[in-house]
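What follows is chain A paired twice: with chain B in the first complex and chain C in the second.
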Partner chain A sequence: MSADSFTVVGKPVVRQDGREKVTGAARFADDLRFPGMLSAVMVRIPAAHALIRSVDYSAINNDPALAAICDASDVPAAKTVGIVRKDQPVFCDKKVVTPGDVIAMLLGESEEELLRLRDQVRIEYELLPVLTDYCNALAPNEPLIHPEFGSNLIVHYPLRKGNVEQGFAESDHLLEQTYTTQRVEHAYIEPECVIAIPREGRKEIQIIGSIQNPFTARRIVADVLGWPLTHVRIQQAELGGSFGGKDDIMCLLSARASIAALKTGRPVKIRYRREESILESYKRHPYTMHYKAGFMQTGKLKAMKIDIIADGGAYASMSPFTTWRTVVQATGPYEIEHVWTDVRAVYSNNPYTGAMRGFGSPQPIFAQESLMDEIAVQLGMTPDEIRRINGFRAGSITASGQELAQHDVNLVTVLDTAVGQTAFAERWQENEQHIKPTWTPSCSLDNKDFIEPDQLLQKGIGLATSFRGCSLGAEGTDAAAAYLSLRPDGSASLLCGLAENGQGLRTTYCIIAAEILGIPVDSIEYLDFDTAYIADSGPTVASRSTLMGGGAVKNAAEIVRTQLEGTLRKRWNLATDRSFVFSSGLVALVDDPAKYISFLDLCALAHSTGVNLSAIGWYRGPRVHWDESVGQGPAYFTYVYGCQVAEVTVNIGTGEVHLDHITAVHDPGTIINLLGAQGQVYGGVTQGAGYALWEEITAPNGKIKELNFDEYLIPTSLDLGTITPLFVSGKETYGPWGAKSLGEPTLELTAAAIANAVRNAVGKRFFNLPLNLEEILLQRKLRPEDPNANQ
Partner chain B sequence: MIPQIEFVRPKTLHDALSILAESGDGARVIAGGTDVIPGFQQGDLRLKSARTLVDIHHLPELKNVETRDGGLAIGAGITFTDLAKHPIIAAEYPLLKQAALTVGNVQIRNRATLAGNFVNNAACADSVPPLLVYNAVLRIQSHTSVRETPLSDFLLSPNQVQLNAGELVTNIFLPKLSASHSGEFYKLGRRRGTAISRITLAVLLKVTENRIEDLRIASGAVTPIGMRFIDLEKVALGKTIDKSFLKSLANELGEHVLSKTGIRWSTPYKLPVLQQMFFQLLCRVRGCSGEAIR
Partner chain C sequence: MTVNFVLNGKAVSLVIAANRRLIDMLRDSLGLTGTKEGCGIGECGACTVLMNGEAVNSCLILAGQVEGAEIVTIEAIAKHGTLHPVQENFLQYGAVQCGFCTPGMVLSTYALLQTNPQPSEHEIAAAISGNLCRCTGYKQILEAVQKTVEEMNSAPSEHGRS
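Up next, the complex of A and B:
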């Protein structure tokens, strides 16, 4: 099917849940109440690293407000959980390794009373040395966070291609830089909430919650309870944002709620306030990245050596997967002969880090795109030129030795589109040539430090490009299921095994089924997610829902359509080679459009003749593979490409950066819902801008300072100018009609583009995100806890 | 969490004042509640012994704006939204309007009141610098008394003001200002929307034949509470206004602030930026620069 023959695919379709969400009618987990339901309150200690000596509940044990206490002694089976490494206790009883850790949970009818009781639990503990400098985590004398693993190393990924030293020797120039990125919070609008309801005889548990990945939660709860998966049933409530953040934490809360519900025989709700949400939930990894590049006078990159250390914080969580994506993509979308990369994730007593939109890519993109710009400036080239010289093209070989084939390698296309659209090169050069006033911020300003008023605001333009492997890649099994059932009246019900995360996948899936069956999108009812009704399709992560789930939905719709075609062939006595068009609620013969039947009549006919109009669709990604010892192999089965151009105004008196315009050019394959795709760009760019300029979770001594949105600053609508999304299309074998990924690509390169634009505006380069006021003006962060703050 | 607490909503100012007189120490006034409600959440000590909240947000007596003695008397309970819309305020006291429009966001401005802002007396209260340069005088009433106090005396120390139990600020009087004064308000936040001030400045200037006849300077968020710089203003009197003088004035402002705060963690950023932006602001007021700072 070609693009212009689509009926709904690619059109702007208003999402199914949009109205309810903006009118407040949508029901989130915390809107649900059940008879006899108990509240829960967590008991913690304000320590980042401590041995628990004793826990004394005697002061509250007989209080009528207390229904029960749950702690480690109540955990029936697995005491520790984790998606990769099982290092995170459901309740801590020996040690606390981060202040978010929970020692016990109090249950009762009144949250307020429980908060009062919480202060009366007496916990004795012994403070241990706290490790916060994660770059030092592997040094011999540092404390071990989880001594049972023998080291603070969570994972190490090497990648070796060619001979990097030889590459450096042959290079005309070398450039070496170190970059750092900060820890950030997902900032989903709805904090965590989950309800566990014991079923008859306490032999089954029903869980309803704001859960990103219901199948992961099912597995973890079953492990903790020591039950088979069938006895754990997870239903997803309307979810108020996730961005990768409602995975581990929601599994853990589901497990705690289940334990309490089974202990008390009553429904138990856990809901977090914002402070508690930020305190306990995981964050995006801070990275420290050392890059060394060797390149020729012509601009051609010859060799790159990269050493990255990622702060995994207190628990391993997704670090092994996040940093794997980093090692695959660390050199950026450039062909380089000799590459030597090491990526390590380590433990520390900092807040733990895991999945967040971008997943190991925003950090290296900031580094590698800053480096590319610096090389361009050094060689007297424009940023787009250097990228055109090195960028991937059809048949290029990646750092892991994969040949880019079987899809349109659109890197140069997105670059040229973005550059053309914004008159990038001319404007970049014009700004470069402009002489920028400088001043030295000090306690007493010299005459020359005062900026002429008409020089206060400086304009800059910058770009960044990226490539991104779609879906899970060699991280794991990649398959998804969808269930579609046609009713006698021509309407349908649909459910996919990938859970809605607020990105609008329900609407996307309905569009896909509607296109295949030629019926209106709103005649398809999307069913509520329940692990009891649909096959495990892996997690909603890695921008894989449209690609994998969409593939499954398309397959299900095609199966049903084939059934309908069979019915019609029989009825009309047609040979098997006669084919049909399904469109506008009619089914007609391709070569004789005058011969048609209404979709409704055909459904009724099929129904009355006992034809099966229900199907489970399935979609499996092709095999990919990875050699861990050298970091070589076809990591992902396909890739997407993006280029963003940021235009900024910098107030050089204050360090304020205003984003005037971001042009985001992406190649997501075929677009299913135009409105959804544009929404991804608006949201992703905004989140990427937050990463560039404002957002940062600091944790002096392991304790988070920014526990609410008064201190954790995310961009508001006044902080961003125009965002222009542009889509480039290309041929793709995989996904429904070649639809690939967009969610994460939109966010991952924004910060890099902004940093490059700021450099263009002020003439200084920045190596440490976020580019907040102090960073811009002083090229360092200022923090109250910093011992040198006063110098 | 907000504790169980009595909530009363008197119908008139008179009733409000008598309820306050009767309730004694346990009563707290709530207007827009945009400081009080988060205050409960943050364990604000001023709310610790609160037993009754007296809501004055709707009282019509506190919403009036009227001209008096050539100046303007503004009802203490006016919201920032209404304040910013008021034509006389916009025309005669534009710095106050500018400041009002930088408070929080639309939702906050729809509730937040002018008196609530300076009675709370946070260092970063945005209405304070403009009110200080306009020489605002407060009318303060209790069930049995009425008194008038300049705002500069009323503000004591962070979160402390000269207000007794049972008293309400009922209006704010801004004396008449000569038409030849010009001025600007400036706010620096970490972002544009819903931003706590890092620096605010209000400047009023009257120049005759290139000599400074009157200069009023106030800042917020850089000293423990918002304040006027009277000494500095005196230095400027009669001086010829040119860029090099403005630079020296900016430097002196820095010294004044430093003497008040000592070196703090934020000083390496805030102090130079204060001087830089003060200079920029004076240039703007003077008309040396056509461009807006933002």
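Up next, the complex of A and C:
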């Protein structure tokens, strides 16, 4: 089917769940109440690393406000959980390794009363040395966070291609730099909430919550209870944003709520306030990245050596997967003959880090795209030139030895589109010529020069490119299911095993089914997610929903359509080679359009003749593999490419960077819902801008300072200029009509583009995110404890 | 204490502890869960309601302050099953993703249009600058409000005065 023959695919389609959301009728987890429901309050100690000596509940044990206490002694089976490494206690009873850790949970009808009781629990503990400098985590004298693993190393991924030393020897130039990125918070506007309900008279626990990945939560709860998966039933409430963030934390909260519900025989709700949400939930990894590049006078990259250390914080969480994506993509979308990469994730007593939109790519993209611009400046080239010389094309070989084939390698296309749209090269060069050394930020602080008022605001333009492997890749099994059932009146019910996170996958899936069946999108009812009714389709992560879930929905719709075609052939006595067109609620013969039946009548006919009009669609990604010892292999079965151009104004007196405009060019394959696709770009770029300029979770001594939105600053409606999303199409074998990924690609390169634009504005390179006032003016952090803070 | 006020056009009398907030009255006592709590300190705007026609953070209003006030929540913006033009355009222009900030966004823009039927682009952005959204990047929200302003000014509707 060609793009112009689509009926609904690619059009702007209004969200299926929109009406409930604009009227306040949509039910999020905290909007739900059940008879006899108990509240829960967590008991913690204000320590980042401590041995628990004793916990004494005697002061509260007989208080009428207390219904029950749950702690480690109540955990029936697995005491510790984790998606990869089981290192995180459901309740801590030996030690805590981060201030978010929970020792016990108090249950009662009044949250307020429980908060009063919480202060009366007496916990004796012994402080242990705190490890916060994660770059030092592997040094021999540092404290071990989880001594049972023998080391603070969570994972080490090497990648070896060619001979990097020989590559450096053959290079005309070498360039070495170190870049760092900060810890950031997902900042979903809905804080975590989950309710566990024990089923009377049967062995079942029903869990409803703001859960990103219901199948992961099911597995963790089943492990903790020691029950078969089938007795744990997870339903999803409307999810108020996630961005990768409502995974591990929701698994833990689901487990705690389940334990409490089974202990008390009553429904139990855990809901977090913002402070508790930021305190306990995981973050995006801070990275320290050392890059060394060897390149020729022509601009051709010859060799690259990369050493990256990622702060995994207190628990392993998704670090083994996050940093794997890093090792695959660390050299960027460039063909380089000799590559030597080491990526390590380590434990520390910092807040733990895990999945967040981007997932191990925003950090290396900031480094590698900064480096590419520096190489361009050194060689007197423009940033687009250096990328055109090195960028992937059809048949290019990646750092992991994978040949890029069977899809349109659109890197140069997205680059040329963005550059053409913004007159990039001319404007970049013009700005470079205007840079004077005395304009460097901080000159006002150094009193070296007087800034003329008309020199205060400096304009800059910068770009970044990226490539991204779609879906899970060699991280794990990649398959998804969808259930579609046609009703006798021609309406349909649909459910996929991937979960709505707010991004709009319900609507995307309804569009796909509607296109195949030729019926209106709103005649399809999307069912509420329940692990009892749909097959495990893996997590809703890795920008895989449209690609994998969409493939499953399309498969289900095609199965049902084949059933309808068979019914019609029988009815009309047709040979099997006669085919039909399903469009506008009618089913007609392709070669005789005058012969048709309404979709409704056909469904009624099929129903009355006992034809099965329900189907489970399935979509499995092709095999990928990875050799861990040398980091070689076809990591992902397909890739997407992106280029963003940032235009900024830098106030060199204050250090403030204003983002004037972002042009975001992406190649998501076939777009299913144009409104949704544009929304992904606007939202992703805005999160990327927050990452570039403002957002940072600091944790002096392991304790988070920014616990609410008064200190953790995310972009508001007044903070950004305009955003122009542009889509480049390309052929793709996989996914529904070749639709692939967009959610994460939109965010991952924004900070890099902004950093390059700032360099173009002021002539100085910044190596550390975020590019806030301190970084621009001082290149160091101002902290209350900083003895030089008042200078 | 007893608090008497007008909620969505109807007189309400509520017996409630003095340390309860307006958001607790709405969500816990009256079951109006369309008003959301995102931060509890007046930073995120998810709990926005109208108090005497003005958009306020209901997490910052104590029960006693509500006495005699006229409160409007998201549940009362659509009339008889018909969406307000702002709500309709939020749908048409893709201004909704996860939807958690949406009730507050709708009320902030509704309040703006009540007092300023022809706001500039900047005035619209300023009116929702106290409402945080992590999904949309605000662009489609701003577009939806601008379209509403255009529509309401070209064809004054009953909604505009409601």
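To be clear about the criterion, the second predicted complex is superposed on the first by the 769 of 791 C-alpha atoms of A that agree within 3 Å, B and C clash if a C-alpha of one lies under 4 Å from a C-alpha of the other, contacts with A are read in each partner's own complex, and residues count from 1 in each chain.
In this section, a residue touches a chain if its C-beta (ideal position, glycine included) is under 8 Å from a C-beta of that chain, and two chains touch if they have at least 3 such contacts.
Fair warning: this is a prediction, and the values are worked out from it, not measured in the lab.
Chemist: Does chain B (first) or chain C (second) touch A:653, or do both, or does neither?
Modeler: After superposition on chain A, A:653 lies in contact with chain B alone.
Chemist: Would you check which partner chain A:17 touches, where first means chain B only, second means chain C only, and both and neither mean what they say?
Modeler: second
Chemist: Regarding the shared-chain residue A:57, is it in contact with chain B (first), chain C (second), both, or neither?
Modeler: Once the two structures are laid over each other on A, A:57 reaches no partner at all.
Chemist: Could you look at A:428 and tell me whether it touches chain B, chain C, both or neither (first, second, both, neither)?
Modeler: neither
Chemist: If you stack the two complexes on chain A, which partner ends up touching A:25: first (chain B), second (chain C), both, or neither?
Modeler: In the superposition, A:25 contacts chain C only.
Chemist: Just checking: does A:783 make contact with chain B only, chain C only, both, or neither of them? Give me first, second, both or neither.
Modeler: first
Chemist: Any idea whether chain B or chain C touches more of chain A?
Modeler: Counting contacted residues of chain A, the larger count belongs to C.
Chemist: Looking at A:453 after the superposition, I want to know if it touches chain B, chain C, both of them or none. Which is it: first, second, both, neither?
Modeler: It touches chain B, and chain C stays clear.
Chemist: Is A:321 in contact with chain B, with chain C, with both, or with neither (first, second, both, neither)?
Modeler: neither
Chemist: Which partner does A:157 contact after superposing on A: first (chain B), second (chain C), both, neither?
Modeler: After superposition on chain A, A:157 lies in contact with neither partner.
Chemist: Which parts of chain A are in contact with chain B and also with chain C?
Modeler: In chain A, positions 710, 715-718 sit in both the chain B and chain C interfaces.
Chemist: What does chain B use to touch chain A in their complex?
Modeler: 1, 105, 188, 190-194, 196, 198, 243-244, 247, 250-251, 254-255, 258, 263-269, 271-273, 275-277, 279-280, 283-284, 288-291, 293-294
Chemist: Which chain C residues qualify as touching chain A in the complex?
Modeler: 27, 32-41, 43-44, 46, 73-75, 77-78, 83, 87, 90-94, 96-103, 106, 125-126, 128-142
Chemist: Which of the residues in chain A end up touching chain C in this complex?
Modeler: It is residues 12, 14-15, 17-28, 30-31, 186-191, 238-243, 273-274, 501-504, 675-676, 678-679, 682-687, 708-710, 714-718, 720, 722-723 of chain A that touch chain C.
Chemist: Which stretch or stretches of chain A touch chain B in the complex?
Modeler: Touch list, chain A to chain B: 111-112, 115, 439, 441-445, 447, 449-451, 453-454, 456-457, 651, 653-656, 658, 694, 710, 713, 715-719, 772-774, 777-778, 782-784, 786, 789-791.
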